Amino acid sequence: MDAKAVIAKRVAEFLNDGDVVNLGIGLPTMVANYIPKDVDITFQSENGFLGLGPAPEAGKEDWELVNAGGMPSSILPGGMFFDSATSFGIIRGGHVDATVLGAMQVDHHGNLANWKIPGKMVPGMGGAMDLVVGANTVIVAMVHTQKGKPKILNNCTLPLTAKEQVNLIVTEMAVIRVTKEGLVLEELGPEATVEDVKAATEAELIISPNLKKFGLDN
Amino acid sequence: MINKIISINEAADKVKDGMTIMVGGFLANGTPEDLIDALVVKNVKNLTLICNDTGFPDRGVGKMVVAKQFKKMIASHVGTNPETANQMNSGETEVCLVPQGSLAEKVRCGGTGLGGFYTPTGIGTEVEEGKEKKVIDGKEYILELPLRADVALLRAKIVDKKGNMIFTKSCKNFNPLMAMAADVVIVQADKIVEVGEIDPEDVMSSGIFVDYIVGGDK
Amino acid sequence: MINKIISINEAADKVKDGMTIMVGGFLANGTPEDLIDALVVKNVKNLTLICNDTGFPDRGVGKMVVAKQFKKMIASHVGTNPETANQMNSGETEVCLVPQGSLAEKVRCGGTGLGGFYTPTGIGTEVEEGKEKKVIDGKEYILELPLRADVALLRAKIVDKKGNMIFTKSCKNFNPLMAMAADVVIVQADKIVEVGEIDPEDVMSSGIFVDYIVGGDK
Amino acid sequence: MDAKAVIAKRVAEFLNDGDVVNLGIGLPTMVANYIPKDVDITFQSENGFLGLGPAPEAGKEDWELVNAGGMPSSILPGGMFFDSATSFGIIRGGHVDATVLGAMQVDHHGNLANWKIPGKMVPGMGGAMDLVVGANTVIVAMVHTQKGKPKILNNCTLPLTAKEQVNLIVTEMAVIRVTKEGLVLEELGPEATVEDVKAATEAELIISPNLKKFGLDN
């Protein structure tokens, strides 16, 4: 099973025709590959444009048109460029329907940690804190565990990126929704059982009465 | 009309030891590389940097980081330049991480005469430490204050002799914001044209903000 | 792709009695006259207006003032429409005067997710009455809060079918700001074009803010 | 003597090569006619552009390009258009060197009243409050008295436009500078004596030891 492909495809299915979406660097970027042809998604690149398109072919890179990872990119018809204040005005103003990003930790309050490991690594938050607070739906897309250790916790132990902002967690094992009652396990990945997910998750899970399966095939 | 065109060395001389500088660009995209190179050669020291990120060791403002020219850096992301973390860990430099949207808005604030703004970004995180918080209409916000610099170093694609600027594609980012927020503004132009050659509908940032123009030979 | 083009009467039906509307334009320059005319015919009542000014009795939003459709008007200037003063003096309507720069910034604030901002404008005048004041860096400021509307009515020169807008010359004014600050955004276009006909470098405000497009026949 | 021409010419002489200037409606507009050919002034029009030029000839009016009075105007090479938030960002941010505007009253503190006569006329402040607070130099250009009554008072009795912001008062009779010590009479108009000015002014005047004459001839 290609865990990342499974995650990216399931996240893509959560997006609706007409949505404006910001994809984080890494795994979240792959979500763009799984958007159905008849679904029109506008991708926002927080460094300054709407209408982010696929990376150009080798040899056709344009270094004046890069994505938020600083890599050559492209803009699709119907897009536009803007400065960073406008870009984050769009983000904070609720004009981005969904943001998809990775996490080091996420907890049952919907808290997210992904910008700092004290004493070890401090890359900075970049645009993540604004995106998580501003986007209407925050989807964490990540591999379920880190070297076998749970990343979905009772309480994040790393410095937070944002408090109580995560709505959905999508891993290769599960789709988990953050609700006021706690984390609800709504779907199981292609190779996972409820017991597998429970074992790989520190936080308590409420099992949805309508538990479904997801995967690359359906 | 006042002549704003100066040599790259004359421009570098505007930056003195201990000053605060703003540098346009996002991961070196839209950064005035020639001005950075001249400042590395001049070896001006103890500067405070305001920039989206600290670039790469060999690209953008990162070259000045490698040359140890900053006593303090204010940025949203420093993960692409390991030298920043080295100097931070050794205590040689102070790094102040600011969410990207707040950083852009703080610069805009400094350039537009506002005293500060309330943002939801950073609530419940380390970012709120030491800052005033306020509940407005039932929602919690952090007070963020303006940023200004002694000198702003910008990069534009086309600049007329009054300093009117056209940025290209994703190279706008912080450039037009910083144009308004520094006492002395220097723009590195790819191409310099006569006043009137740029249609007023195409100007992206006004020459009234610009003190000096360098380059024009790209 | 979602169809955003509707008839002028369908557009007028989006505005209901008692709603708050924002109307773009400066002294009727850049105001969607056809939408205003349709609302006069529909005779929707008890509206709250947010607009730079109240236009002229026969031009711009002033036509709705003459038709007594506003219970409250928030504007920076009402001197060009004697009917506004008449209704204000007779107590039929409430007029809230806001400095033009603060009005623009309040709308921007509402559209970009900020909780408020501190401005020096109005210190020592009636404008500061009832507002929080704060001294920042030795200077006095007034706290101004965001403005949002139920519906924004805009005018653009060229609009593509996604709603990407080009304003012309001095017709920008409040239009791009209001595009971000209302729950429902309707733009009256002089000309409607296919997506892709406008170069991303020329788009002035994004179609992601626009719900409905009318017109296109000028 | 053409009082307004005398005032406009003297104000024009206060402006410096390279200045950005905002002229109010009415008399201040005439200042543009007296700028020497070798002095480059950029006029700002607060409704949304820099590079305000002369009114077009009859029959060539462009109603998509109007000045802050809503009348057809023109833009000069090197100008640019922007929205109202940017326009007042430029104004509040200190990027306008001088604003010239009329007054109903001005007093020895440098207080200005020009937007409201309670119970009589409430046109609104438009952009005046922002301009007076934001511009580096505030020049009041007005006829010295109103129907024989002084307008330069000990204390304004009308609601203020701004507190302690006026720097210079230029009338057909006098140039008066606002200082911490009080109002200093620096220059006499072509037909005025010190006694004339004193008689037409309520506020006490300090007579400059270097008192000069001004007028259309010198």
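Which chain is which? They are A, B, C and D, in the order written, and residues in each are numbered from 1.
Convention: contacts are C-beta pairs under 8 Å (C-beta built on N, C-alpha and C of every residue); 3 or more make two chains touch, one makes a residue touch a chain.
Everything numeric here is computed off the predicted structure, so don't read it as measured data.
Simply put, of A-C and C-D, more C-beta pairs touch at C-D. Inter-chain spacing, taken between the CA centroids of chain B and chain D, is 35 Å. Chain A and chain D have centres, each the mean of its CA atoms, that are 55 Å apart. Look at where the CA atoms of chain C average out and do the same for chain D: the two points lie 29 Å apart. Each of the following residues of chain D touches two or more other chains: 49, 75, 81, 88-89, 91-92, 133-134.
Multi-chain contact residues of chain B (touching two or more other chains) are listed as 105, 108, 113-114, 119-120, 168-169, 201. If you draw each protein chain as a dot and join the dots that touch, the picture is not a line, a loop, a star, or fully joined; it has some other shape. Every pair of chains meeting the contact definition is listed here: A-B, A-C, B-C, B-D, C-D. Chain C contributes residues 1-2, 108, 111-114, 160, 162, 164, 180-181, 195-196, 200-201, 203, 206-209 to its touches with chain A in the complex.
Taken together, the chain A residues at the contact with chain C in this complex read 17-18, 20, 40, 42, 49-51, 75, 77-81, 88-95, 133-134. Residues 105, 109, 113-120, 134, 136-137, 139, 141, 145, 168-169, 201 of chain B touch chain C in their complex. Chain C meets chain D in the complex at residues 26-29, 52-53, 75-80, 85, 88, 95, 97, 99-105, 107-108, 119-127, 157, 168-177.
Interface of chain A with chain B (complex): residues 45-49, 62-70, 73, 75, 81-85, 87-89, 91-92, 111, 116, 121-130, 133-134, 159-164.
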